[in-house]
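Next up is a structure, given as structure tokens.
Chain nomenclature is as follows: A, B, C and D, assigned in order of appearance, with residue numbering initiated at 1 for each chain independently.
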Amino acid sequence: MKFSFKNDYSEGCHPAILQSLLQHNLDQQTGYGEDEYSLQAKELIRKKINSQNSEIYFVSGGTQANLIVISSVLKPYQCAISASTGHILNNETGAIEATGHKILSIEKEDGKLTPADIIPVLESHGNIPHQVMPKMVYISNSTELGTIYTLKELKELSDFCKEKHLYLFMDGARMGHALTSEINDLTLENVAALTDIFYLGGTKNGALIGEAIVINNQDLQQDFAFNIKQKGALLAKGRLLGIQFLELMKNDLYFDLASYANQQAMKIKHAMEERGVRFLSETYTNQIFPILSNDLIQKLSEKFEFYVWKKIDENFSAIRLITSWSTGDEPVNDFIEIIKREL
Amino acid sequence: MKFSFKNDYSEGCHPAILQSLLQHNLDQQTGYGEDEYSLQAKELIRKKINSQNSEIYFVSGGTQANLIVISSVLKPYQCAISASTGHILNNETGAIEATGHKILSIEKEDGKLTPADIIPVLESHGNIPHQVMPKMVYISNSTELGTIYTLKELKELSDFCKEKHLYLFMDGARMGHALTSEINDLTLENVAALTDIFYLGGTKNGALIGEAIVINNQDLQQDFAFNIKQKGALLAKGRLLGIQFLELMKNDLYFDLASYANQQAMKIKHAMEERGVRFLSETYTNQIFPILSNDLIQKLSEKFEFYVWKKIDENFSAIRLITSWSTGDEPVNDFIEIIKREL
Amino acid sequence: MKFSFKNDYSEGCHPAILQSLLQHNLDQQTGYGEDEYSLQAKELIRKKINSQNSEIYFVSGGTQANLIVISSVLKPYQCAISASTGHILNNETGAIEATGHKILSIEKEDGKLTPADIIPVLESHGNIPHQVMPKMVYISNSTELGTIYTLKELKELSDFCKEKHLYLFMDGARMGHALTSEINDLTLENVAALTDIFYLGGTKNGALIGEAIVINNQDLQQDFAFNIKQKGALLAKGRLLGIQFLELMKNDLYFDLASYANQQAMKIKHAMEERGVRFLSETYTNQIFPILSNDLIQKLSEKFEFYVWKKIDENFSAIRLITSWSTGDEPVNDFIEIIKREL
Amino acid sequence: MKFSFKNDYSEGCHPAILQSLLQHNLDQQTGYGEDEYSLQAKELIRKKINSQNSEIYFVSGGTQANLIVISSVLKPYQCAISASTGHILNNETGAIEATGHKILSIEKEDGKLTPADIIPVLESHGNIPHQVMPKMVYISNSTELGTIYTLKELKELSDFCKEKHLYLFMDGARMGHALTSEINDLTLENVAALTDIFYLGGTKNGALIGEAIVINNQDLQQDFAFNIKQKGALLAKGRLLGIQFLELMKNDLYFDLASYANQQAMKIKHAMEERGVRFLSETYTNQIFPILSNDLIQKLSEKFEFYVWKKIDENFSAIRLITSWSTGDEPVNDFIEIIKREL
């Protein structure tokens, strides 16, 4: 069996979660998210974000979180704005449009949006009522390219959105990895203070399933549960989501797992940098995009699985490597060894 | 703590499932339902239904299964027909209409549809193109009232649907309970042969989450996976669904669990019948609807949780009791004891 | 050629409209409803309803008006309530559901809703968040059965809706006929004061196309034009709608035409009543539903077109007769003559 | 009053249409498009396109035609491909997305699509089922920039679409102008043979309202009328659409009007070319985009209305001038006179 660096959801979940599922298995609980684990997990999150008035809902996955949030927040004629690399634009089978909403795309190499990127979009959408009304800015942190927002960048974007009456929504499928990156200066409390709504991804950080949607803007909280039910996302056994987030939030397991994943990626990155490898984008999270010769890629693929991300020229391509909370030292060292031997 | 007879999803899952999750936890698997557990579970289901050409997809819950199936199968101007008790009509927050489709409701006391029920609906929808086009018949087995379809009834309905070019879709959230009822004469193989599409419910029969959608009509199979992804139902760690159905299908655990739940309900039912209690509907599955005096209901509610379903008159109401794969003998016996003592 | 009593849209439009179209044909005007005729027509309507803060939009037809209003006003999880005879329930090919909204149906013989009808619907929709949230009451005046609301009835319904936080929406496809009925005591000013939103139908009262949507509740006015454009209802040459409503509103032509249509229907009704004919519903507008022997229906159908509405027994059926602003005396007298001769 | 070159829908309609409306005003006709004028107009169109098996439906406007066609043809997970200048992308308030469908945009300076443009889009959408499935190519002729397709270009695109199982849909809001351009070599018969579905625009070529949707691919014809009704586009008095297309199609009035509009635009264009004016795009239809000094634009705007389309540099901008079937010689000559005087 080859070891896979294809993604961060190839394994099951952190053992603490399975232990807790075992321990509480036969306890009777109220359904649909009213179980005591969910209530406790929400309370823990509220403490960590230091925002008692935020409302929290757990759903199964990222596409589900995105489509519920966007269709709940926007009126029929309003649209979202996203970097061209946005997950909602490229890899959700038109899930957002299926709820009736357009997404305006902004070309960005690094996957991050700034006020300067958004201004022209607003300016070119003033032909009322013949054009959709931009009303939400969708960002990911870390982005689909592994890059992250600094506190200063997020603050500027947040201020801009408030000024322009745009909602700011952060897709946090890999929030843990962003916030534990070695170059990060954002806290979860900052995120809660600077966004209208965001979610904390569990699926890609040690849970079996689960994203925690956090609604900070109180205007967006009313009746949110109806949307979750209507989109088929309200689990009868909400305990499954509650227990997972309870375990992940206790003792900061969530951040420890993400930090570990980042470190494993950085080990590979540093080994490559020592040998002069260039990267498609400069990342400090659990995704790296080294540019390698096709020969070397061929050799690596005999022992590892990963995506060839982008052709650079006739002889070189960028590959994508992703590490997870469960990526052991052995595959990392094996991989590095080949790099050192071949370069 | 009171023991709850409110539903069949108050506990976690069958221990065999947790054991399997533990055992395979660190195995790397392909995501999005292409894991080996999912593939094996699908193969097992195909064998049990004796239909190698059926396609199978796992999703998280019943509302999700219903909305994906109906929106995938129907064209925009087509609608579903359901008994007035149908889950899609009453308890899914308009999830089907949210995908653009009307549901035509037929009043039925027992929650079951027959050709005679459907004919007038077809006859009153012939004003082309001013009315929706009926194109699917939605039934539940067991129904929301605990009743079940006989082979003869299902055969007649299936023949009728074929003749009228209607798709027949069976919501099997409690399929296990229907097929193991003491009065049942249907097999899973019959169900596959007589419906265009159906699902096997896991959530209410020992799984943490999970319904297995089985598409028998090959015209409805094409590109189905796109719909699952677009509706946010494609789990990155599809292994969670695969492992559960693999355990449930191995050695017929699925049917054993349902049969057990039915038996626990029947014990209570028989004890009540002996004391002359009447029932709102005649059921042989894990749901019973006894009509009791408000005094007795009050006494029972001091030790048990359950829904008061319907007011009968000033002094009597029907309650709903549901048993599950994990309902022990102790609460059942305690409940029966009160009945015997008070009646 | 047989004369048709099938509906009130068999002919073109009132000649004054064509004259005005001719007169202004080559004037250049701003598009999309900003032409001067539309602006003047809106001003005239605001005066007639005595509500300077109401906003007015013209669209082409009734189904279009209904789907735009309902989808604009309701949030995704909210639904409308309608009498079972409602046009939106039966004759719009699921247009409302296609925008994502369920309609709850209340069985009513006379097509009219009262608070007492609505209370049980509200009571049975309290299982939050598992059920749609009722948020709008849809009524028609005159109804699809030709009946009308009295001031007292509308006042009670309006008060009830305010108390229950429900929007009240009146479909006025045949508003002119309602307000000029001999038993009517409502004014257009009353309608504006007692509803959140309504529309004045032109298509069935002398226009080629056109309904005037009047939004009285200021909470529902914001950005309404976007919805009209998004649903494909914003005519480039909005002048066509403006000119028609300008002509209809000038000198109360709108009411004169409807009153005339009502009188023609009443002539036939009275002639039938004199001969002892019974009616399916008691109407005083331009729709009547006499119950006649199949033999007589056969005879009438040799000279006239009309719908056979409902079978009463083996020998009798109800037919529907509709008169319009252009129904001349000759066909009315011919029809009456046959009645007198045969009964 | 300034004369407006802003668009081709500032006036009413060709007088022949009003005469026909007057002449037939009181004839009773069947509603909903079954009137004799609509039937005759459809027959005339079928003859002109030499395609007896094409089905034809009349609707009010372009956005309506686009949203009905696209939502009828595509399955929920399928999307359309459009040039970045496409009307459906920019000026329809998200009407297509509101029906659930994404549009993939291709940057094109001239507004026209070729197989070479489309291939990379297909190649980057192969991640099944995580991405929308491209299934329709949407083109406009003439385009939103006034450019047109040659027979060779359309043939290549049509062949490519067939090979790739893509539907080809032509938005013909200005089809008349395209087919009567001095450089055109396409016939309406070619268009019918090479597209799956297209429409003939009336609104911008002498009608009050109206576009004729022509469905050539028989797979797309079934039940189409349901979609028209469901979207609120089925006019009760379909005669209004029928009479207009009957007049436009008789004696080729449709083409004469468009040809005239083109000629008026070309007069201005040639006068400008003589004075060395450059153009944003090279057009031979009724839209021209000359690049003028801001001073000259200022002078022209004292006597004429038109859109300033695009800033070129500090001193120059492109403006858009549109002529119509009713643009007289006087404003054209006045405009040319200023050009000659000032340049």
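List of remarks:
Going forward, a residue touches a chain if its C-beta (ideal position, glycine included) is under 8 Å from a C-beta of that chain, and two chains touch if they have at least 3 such contacts.
Which chain is which protein? Per UniProt: A, B, C, D = Threonine aldolase.
Remember, it's a predicted structure, so these values are computed and weren't measured experimentally.
Taking the definition of touch as given, a chain qualifies here only if it contacts subunit C (Threonine aldolase) and subunit D (Threonine aldolase) alike; those chains are A, B. The chain with its Cα centre farthest from the Cα centre of subunit A (Threonine aldolase) is C. Centre-to-centre, using mean CA coordinates, subunit B (Threonine aldolase) is 51 Å away from subunit D (Threonine aldolase). Subunit A (Threonine aldolase) and subunit D (Threonine aldolase) have CA centres that are 42 Å apart. Chain contacts: subunit D (Threonine aldolase) has residues 76-77, 92-94, 98, 100, 129-130, 226, 229-230, 234 touching two or more partner chains.
For subunit C (Threonine aldolase) in complex with subunit D (Threonine aldolase), the touching residues are 1, 3-4, 7, 9-13, 15, 18, 21-22, 24-31, 60-68, 92-95, 98, 203-204, 208-209, 226, 229-237, 239-240, 326. Every residue of subunit B (Threonine aldolase) that touches subunit C (Threonine aldolase) in the complex is listed here, in rising order: 76-77, 79, 90-94, 97-102, 105, 127, 129-132. By the touch criterion given at the top, residues 32, 71-72, 75-77, 100, 128-130, 133, 223, 225-230, 234 of subunit C (Threonine aldolase) touch subunit A (Threonine aldolase) in their complex.
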